[in-house]
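Before I ask anything, let me first share the structure, which is written out below as structure tokens.
By letter and in written order, the chains are A, B, C, D and E; residue numbering begins at 1 in each of them.
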Amino acid sequence: MKNLLARPIVRLLLAVVIAVVIIVAPISSSSFINYQLSLIAVFAVALLGLNIVMGYTGQVSLGQSAFLGLGAYIAAYGVRQEWPVVVIFLLCCIIPAAVGLLVALAAARLRGLALAMVTIALPIIGVPLAKRFPDFTGGSVGSTVSWLEAPEGSGLADDQFRYYLVVAIAVVLFILGRNLVRGRIGRAFAIVKSNEAVALSMGISPYRYKVLAFTIASLFGGASGFLYIAVVQYTSPETLSFATSINLVAAMVIGGSASILGTVLGAIYFVMLPVVAGQIDSSRTALISGAALLLVLFLLPGGLVSLPRRIAQLVRGGRGGSPRSRAAADRPPTGDTAPRTTAAPEAEKQPR
Amino acid sequence: MSAVAAELVLRDINLRFGGIKVLQDVSMAVESGRIFGLVGPNGAGKTSLFNCISGHYRASSGSITIDGVETSGKSASQMTKFGLARTFQHPALQLHETVLENVLLGAHSTLAGGPVSWALRMPWTTRSEKAARTEAAELLERLGLGDVADTPAGELSPGLHKTIELVRALLSKPRLLLLDEPAAGLSHTEVEAFIASIRGVRDDFDLTIVIVEHHMGLISAVTDRVMVLDHGATLMEGTAREAQSDPRVIEAYLGQASTAEVSGEPAGA
Amino acid sequence: MAYTIQLIVEGFATGSIYGALALAIVLVNRSTGLINFAQGSMGVLATFVAFGLVQLGAPLLLAMLVAFVFAFVFGAGVERFVVRRFEGGDPDTAVVVTIGLFVLIAGIAALIWGYEPRQFPSLFPPQSIEILGVFISLRSVGTIVVLVAVMALLQVLFRFTKLGLAMRAVADNPQSASLSGLPVSRLLMVGWGLAAVLGALAGILVAPQLFISPTMLDFALVYALAAAILGGLDSPLGAVVAAWFIGIVENLAGAYIDFIGDDLKIAVPFIFMLVILIARPQGLFGRKVTVRI
Amino acid sequence: MSLLELEDVSASYGYAPVLHGISFGLEANRAEGILGANGAGKTTTLRAISGMVPATGRIRFDGVDILGKSPDRIARMGIAHVPEGRGTLGGLSVRDNLRIGAYQRKDRKQIDEHIEFCLDLFPNLRERISSNASALSGGEQQMLAVARAFMAQPRVILLDEASLGLAPSTAQRVYDAIRRLQTETGVAMVVVEQNASLAFSVVDHALVLETGRVSIEGPKESLMGMDEVRRAYLGG
Amino acid sequence: TRTATDGGAGAGTGADETAAPSPGITDTTLSLGISSPLSGPTAGPGSCSVAGLDSYLEAQNAAGGFEFGDGKTREVTLTYLDDTYDPAKTVSNFKQLVGDGIFAYVGALGTPTNAAIMPIANSEEVPQVLLVTGATAFSEDQKANPWTFGLLPTYYDEANTFGKLLADAGKPITVAVLSQNDDFGKDYVAGLTDAIEGSDVTIVDSATYEPTDTTLDSQVTQLAASKADVLMSAVSVTPLQVGVLTKAQSIGWLPRIFLPSNTSTPGTILEPGGATAYPAVYSTSLTKVPASPTFAEDEDVKAYNAAFAEYGSKIAAVYTPHCAWSYAEGAILGEAFKGMEEPTRDSFMTALKSIKDFQAPLLLDGITVDTTRDDQPAISGLTLVQASGPGYAPAKAY
């Protein structure tokens, strides 16, 4: 299974199939489905940012929704001011990145939970702040925009056009993000996550790389805000609510921390879970989503991305063994009995 | 290679944590291209001294110069610029990553391009990455780790971790290398192999090396000079042979049975 | 002046709500090394058990005791059957598991009792006493007394008892602790159980004011986390002091700094927190962790 | 019947087999040495005994099957393991570490005496008695790990490179103390040690592991007489 | 390039003589949809606004179905989805409902959530009506948004009624205002300010709160310092409102109190808040309170209680006024169906917009439904009430 995937030809074929599916998908789908697909792209970008700062660099951020919201507000404002789309997009990236940079310059001195607490403050303060400036944000009623209609003669419905736009931007951002987390910068992120002392001795300033990761996360957050407005065409303080941040963190881990593919899977989970839960019983969504989250992690502690590995494991390890010994085998003792925090999580194997 | 082995001079280094004086007026001078041994009882302050040199600790007073340039105020992440590399007493590897990925980290400061060029995969980034990979593979091969390059570090026995750290340090193209107990956990045969390779490494890479070790056989085999620390202060400085016969050193460090051990000095000496 | 003092008194009372929950967070952290986002919902569930009993006519004190027993068993069960699988793995995963628990438990409570807040009887009389123009509600006084007592108990538990020492050891490094013969899994269960009891206590203390609902402690949880971290995650005393600090600072800032107002007053404790943590990363009362290289 | 008995013990990490059918027995008051190159499986053998890696075969302690029991139960039965690497509780003070070592003991008075004994043995620890263990130097942490195992007053002690990172005189002192402990309490030991001359100063019998299998075994004297052993482990 | 139906796009403008039926309606059925918060902090009111409506619809279905203006009798079904008060989810739910072919989207609760779908509903011409929200934004301009309007009196109207009462007293009165930091709060304050303009009534202090606050003690303490005669406590969260009532009296401040209609229920607010301590407590009311002994023998209430026990209790566990409001909303829909001559959304909107002087069940005497105005929600009349005994009685002058 693994070997098969390792072959370049198989990988290429797979990529082509996925590309074709992505391109063909919206043509025959309903506007509802296209909306879901587009939302997946929107949140995949937000999750990618979160994964860079949290999954790859190990800095817990509970503030990603604040940047999503900020990007969305900027986009909505820009549309109302009738700025060109490209300008809006750039601003949606630059301003949140700048805000993220400023926050990080102070916050990156902290680590672990202290940092998490400071980032939690972003959405919590962001909500009343957004209500303070109704001219810019539309206050608590929020602000509606109506833009990105399919160009005449394209033969596309609005939702299809928006889907293509959003997915195209997301794909480009994903390629950039993927490049970033591999190679020189990615290795620096990883060592900042696992051991700052070693990072220092390699000439890597953990502080700078944390600030960098945080800034990139904010940039992706802002960009996803732009995409959000492209798809939802509406934003309000609820967009940046703290609950969204928490759900994003959960989705990131469920997809697969420090994994590009995991990020996409996480976004699918993030968007589809409420829909599926509503389908099962719309008055019991909390119960269903909580149970689903636990179930997924129970079966796949490494996230959805570890599914193939897990299957391979189960196939190979058909031989039983008592539950205890199997549980123990899942986490072999590292020779070093140092505190757990230094243990790196199961990271996606990088191709080499 | 144009880089020339560095010269390291410490003057009157003091370090304290709370009420504890960890280092007191430690001075030492390591000539360019030499292998210098740092020994002493547990808790004498050897690792702390390394930490001061590498910028992980800030000495409360004293001066550290590398090739005459004062580095004592610099942060640890700037020290690669001065050609410094080090290994750790407790190997600090990413256990889930492969050996190759682990050592490539050492190439960080030699790779070209910042975040933007790497995100855009500019040609120079890929070129320098390729070069680093080749070099890493060669070094691993040379130190006998060629066939485990693609194994996750966590699956190797701890004895090998020291060597992986050495390769990682070498990849940063240092001129001054600090090794903290590089032979701990190695068996007798392996220590001999290590002795052979460390001299080769010094010559081929044109390095100055400071070694902390409790393995006296290794110390006397490879070092040009040693300094003995005790309770944070210099006890004596001289050749390894002088140190081993110094009654103060025997008293504070080697113990009575040490003579037996000295006799087991390996042939490489 | 009386007004200022009144605001401070109010801050104490509000802070005590956060403090009660913060103690539970500290307890879990000290005994398992984790942060439990489900701490609030677990407390609420136990409070609901008490609520159910009271509705059936049981006296509040009895209901409370039953709720404590329930909480202990439930907390220990959660550790045993859910959290255990994730111990020793990626800490982020464990935290997300507690987020899942948080959602699930709220869902269970809602399934039985619905989302609408309901009145909950108070342990303390509703009256206030007036001292020099400052009104102090007996409920707040009661809450504060209980809180301080619990804090002292925890302090004693961790400082002076063998159980406390063992719990700290397990939280520090379960593998190493097990090599000394510590019954790691049982200690972890006890830690979770006790923390759940504390959560239940917090829930019962605040339910008369917040009204019981599955989401009752959601927002208090953020404050409680802030207090626990600001105080130093391993210090019960720190958690309570920090909680009071947050309550008071927030009130004063909201009342006296016009620009901040009632809507942004929440920002003030967070800004203080940022500054304090930069200066003292281990928190006000936390013990500094040294990481040797 | 031996105090500790391994019969055909195999172990693996995940699916990679590491040990292939190790057997040996150990009487009270005796010490067994395990030698072998890096990665031979010495550490894994000790982990299999103390329940830290899943294993197959048979491991009996004092006539009781302990294979499959959890590490803490095995420890409570009287097997103390000084693990490879940092074996301390970093966030706890040195004193608390020692108290944890004595966790399952009931004789309160004796505990304090034993703490004194350990502090005499390792004066460094006395100086740092209330520091966090994580602040200690590498060697000091190793001392603490050994002291913690002493505090348990075990019937079997598993030493995995107990002298690692210790100054020569300190290492000597540790092994002197171990010998004393042996005569005083009759503790049995399994000693894994790269410093073979140190190991041979305490063991009665030893086995050499090669890629997870026992290649040579015998009484100390006969092993020390073998050329290949001398060359590979003693130098000369 | 799309084959699937595109929601309301096919609904035409009604110009055809034999109008093709709109989606969601057959000769025997009609389907309605709603997206409300059914989990999370707003789920209490959210589920009540579904439960009340569902109770009415199901009870009517069980009684034989709804009669329509075209002479047919139809069963009306309601599909409800949870949006957790997140607008993006509401949009998703709306698209799902429309894609599944609902006829109309009715009675959803929440300001941002409804705001998010308003443009879509209007561009796709799907009725988004009788919304359970007091925000003015949905009803104030029905020419621009012909497919959208609200059910309940606006917050503005409510406060305006209070203000008028004060202004009519004709003497100097000081008022302290506590309001939510959002449009709900702002509309409230605006309604009050407009009403007292030119009178002797003055607002001497005001404070705001976030719905996420755990307590409003400090706000109450601050307002108490003003010693105002009147406290207008526009707090929409039950525990917080109770907290306000207990706090003010505990620090010795006993103003006259004005409560908004959504947090003035005797059983859940007045009694736990110890409202009897205050000289007077005013509120506005629309509906009879089902649990109140005053109405125990009322026919409407009996019908409601029976229907709720049978159907609604599966959705909402605890009563909030939203249950009663949305029950009445069901009757308004029934009234619209009666006037609906063609099975189209256009015809439905026309019928719905022509209801006047309709006395929906549970509405208090004197409160009637009037949907004919372009700038008002369906119900805009309010009865000012005053706490007395276990419930409310019509208010006396100040």
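One rule holds in what follows: a residue touches a chain if its C-beta (ideal position, glycine included) is under 8 Å from a C-beta of that chain, and two chains touch if they have at least 3 such contacts.
Keep in mind the model is a prediction, meaning the values are calculated, not measured.
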For chain C, the least number of touch steps when starting out from chain A: 1
Higher-contact pair (C-beta pairs counted), B-C versus A-B: A-B
Separation of mean Cα positions, chain E and chain C [Å, integer]: 36
Distance between the centres, which are taken as Cα means, of chain D and chain B, whole angstrom: 29
Rounded Å distance between chain D and chain E, as computed from the means of their C-alpha atoms: 74
Approximate Å spacing (C-alpha centroids) for the pair chain B, chain E: 74
Numbers and ranges of chain D residues touching at least 2 other chains: 13, 43, 52, 70, 83-87, 90-91, 134-138
Chain A: positions in contact with at least two other chains: 128, 131, 197, 284-286, 333, 335-339, 343, 345-346
Two or more partner chains touched - positions in chain B: 47, 56, 88-90, 92, 157-158
In the complex, chain E residues that touch chain A: 1-4, 6-7, 38-40, 47, 50, 80-82, 84-89, 91-93, 95-96, 98-99, 111-113, 115-116, 118-120, 123, 135, 137, 181-184, 186, 210, 314-315
Chain A residues within the chain E interface of the complex: 27-32, 35-36, 39, 127-128, 131, 139-142, 144, 146, 155-157, 160, 228, 232-239, 241, 243-244, 274-275, 277-278, 282-286
Residues of chain D touching chain C in the complex: 50, 52, 70-73, 75-76, 80-81, 83, 87-92, 96, 99-101, 103-104, 132, 134-138, 148, 152
Partner chain C, residues of chain B touching it in the complex: 47, 51, 56, 88-90, 92
Residues on chain E engaged by chain C in the complex (per definition of touch): 39-41, 43-48, 181, 207-210, 212-215, 217-219, 221-222, 225, 237-239, 242-243, 246, 250-252, 268, 272, 274, 316-320
